[in-house]
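Chain IDs A, B and C follow the sequence of writing; residue 1 opens each chain.
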């Protein structure tokens, strides 16, 4: 990677829409804006690798609000904030309460008096996570407009029910590096497949984020899943329209083999059926635990019928020497479970690449923040290159 | 707000008592010291608003010790520490144990080797919180005097059973801004009233802090509550003496209407009866849960008899277009509960003002820290104005 | 303490083995390396005491992973990281899961993309803690070698089943100050004795770390414990060999009185019998809670037979006015328990000294990090002395 090349990618592009705005869905953002995120992520990586400070903040808070367990994303957000000079402050709902309506508005404001960015993960219930983030971000904007907040805290989606943009953008960055440029993704076949896992309720936002983003860059995106494991309508629609616009394609199949055949990129992981998740969210809202239990039993049984949806070496052999992606952690057959998403042999062979894929996420988040907070990123990055002190006095 | 005017407020005042000292009770502090806190809070707000760094620390810890849930104060403390360059480190008693006697002394020292400030919230039991803080601060001072601690970690009361100085000082700052100067509070009528809430055990320190502080600046302070909802003797006594000294007045009534009539400022919120809280603390100490339960039932019944103590538009109409204060979160009728402290219509009308009131707290805490840590605050603030870099390289 | 003298201690010593390496066991480190840690700890203390910034990092994470409760070490690690410019980020296994095999490798990498140092406490099960740290550190090294991690996160043992190097090194630093130099420890008698505590399962790593380290500097180390309270073989063997090499001595006795007689330094604390801990670890691994309970009952009974193993004033009177050490918290007779490790009178008399002993730990940890991260520490420290700004703009 080359610093000037990365910063050069920002020329003649209009990414002003990111400035002072939130980042909730990749499909809310223009191609120029997405390209800017990739470029800034690369530039920050070079800056850090040559031991330049990347601080654009002398002080300030990066608030995180996790409504689901997290290791990778939590540390990625903390790393990104720290890299730019923000102190991470976790908001633990357990020691307060963010409820709906009145209280969300208030809590959003109360934790943000000196927050520059708020990262939110809320992926447990379909129909809820994105709505919560939108509501939260709207309250912050109102409080800023009313003069209550002295700066505008921008919101970054760290995984909702709809999208997982820091994941999909890190995946895209990885593919750009693997194939030597965003242009080289054009015409490549990407298989986004369901895979079996002993747990049945994983979020839909990873596959949704993947198909919606990758279809925008001319890839031939194939979504594969057993009957019944549908995704939510919005990202399916986004993917179809994006493919049409980009000259790529988007199709859905119920055959993992068909999706993998000749693919250049594969990603196979478990997710829950959308319809069942809707049912579950409604039962959860009603507090009907008996019915919830019944749904879970049914889902496990349905799941168990598809144990053959797994990534094997034989299946990979049918691809065009595909890059194997996984957002991690993977359910690895014989390692973390009896039968899972991927064979140990396959996982081991791709481990270094998978870890590098994951390693892009801190930079993607930092790039999103920088583009939200800096009016002229190219100049600011060049200032860091030329004038900033070392990150680490070795 | 104007920077020079704010810093100018520090001239010819003696606030040296704050330097290297704790901040536990407003009534331990002279009027000059309180004025200095207001002035520094304003100066810091201007500095931040014009994007100057407010860091007076390059490194150092701001330790927080919360013995009760908190959102607002936790984030205010974290924001204040961060603004000045301190990293917040939460001390979670769950993963250790601060008990009484021997252990408090030791724990206080062990978590403070590199702490510059320790913020404590301990408001659950009357007779306990302030005592704990005093004890804690005393141990730190001893360890400093003995050469065990290389710097003196100062303690800030983030809410005790007796006082809530960061709240009352933020309220005072808000009133100063609303009325255009501390002098303009003289002769204004302030109603501090009890109000109904479905929960019965809220701390007494908010009303106590309010009456004790506001009576010092010539206000006519009226405390209103139903029979039995007395506050603790010490702050009542402080308020009476302060009023006498300042030329204001302090009176107690059992009529919310009487308190509100013609008031310039009103604050109405729930608190627990002092006597019942004493009883409860004693039962808690004995571990008598049956008796505790009986007390709680009795308190709820007593509480329910006063559902008419609520802030309505009609009641507010009897005031002199009063500023409506609340430390938040409020129990809002029809929003967060069936019947509560305030009508939704009233709350909504004052929401922006309430949020601005809350937004002063980080600056008040930062001002307390700065005055504890800097020998010549006016010079230091002017240095920040003239020479400090930007907080945020926009 | 004198800055030039401290930095001068680094001359003509080879401590290059610390650079970019982990710090897991003192007996993995050369005498020069241990001396360098002491020298840098002293230098950092002087720098901070004269209000110089000690930051060698502009940004970066110090990740902590605590598998056991901790106050002292947690705050020491946080303080050390903060002093050098690193932000502490706690990794809470509860909100993820570090298991064995595959997952440790992955989690180690995932939390370390921007980590400069990882501090681990894992002392609950004999045979497990050191193995976990070694494994963890190995995975980090592999990920660094594979280009997955852009910097090498070094691991510091914050207490394992085998050793507690930040404790023993802080103790050594304290003795060096007490006796006026490392050379003056030669020929001094150090008693490391078991003592009674109502709890029966305390880690063995404190006494193990103590005997293994102190025997290296020519001390006459006597380990005392009741029959059955053996330590693990490895540190016993290390102590014996170290004593032989250093010209000191190492012996084991079952008499506390014999150990204390004429001693220059005494440390008496409770620990669990190694054999019982092995049994317990095996039962825990099998999940046999009935058998575990039986072991605990047996241990408590065994423990109770040795209530006379306690540090009294009479016993101390038999020493050569010994320095009394304890890693804290101590079980103090009549204060924290009915009968414990030490009499209140003895503890009180040595309290200031004990607290100073504890106060060295943040500097020891900071010194370990600095030596891991800086190629030429003497030059870097002199740069901080000459050119760094103030830590605190007083």
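Observations, loosely collected:
Everything that follows uses one rule, which is that a residue touches a chain if its C-beta (ideal position, glycine included) is under 8 Å from a C-beta of that chain, and two chains touch if they have at least 3 such contacts.
Just so you know, these numbers come straight off a predicted model, no measurement behind them.
Setting subunit A aside and leaving every other chain in place, the chains that still touch stay joined as one piece. Because subunit A and subunit B share one sequence, their contact can be compared position by position; here under half of the interface residue numbers appear on both sides. In the Cα superposition of subunit B onto subunit C, the rotation angle, rounded to steps of 5, is 120 degrees.
One simple way to say how far apart two chains are is to compare their mean CA positions; for subunit A and subunit B this gives 41 Å.
Contacts with at least two other chains are made by residues 87 of subunit A. In the complex of the two chains, the subunit B residues touching subunit C come out as 56-61, 63, 87, 89, 91, 95-96, 99, 101-103, 106-107, 109-111, 113-114, 116, 143, 146-151, 373-375, 380, 383. Against subunit C, the residues of subunit A that register as touching in their complex are 45, 48-49, 53-55, 66, 69-72, 74-76, 78-79, 82-85, 87-88, 328-329, 332, 335-336, 352, 355-356, 358-359, 361-362, 389-394.
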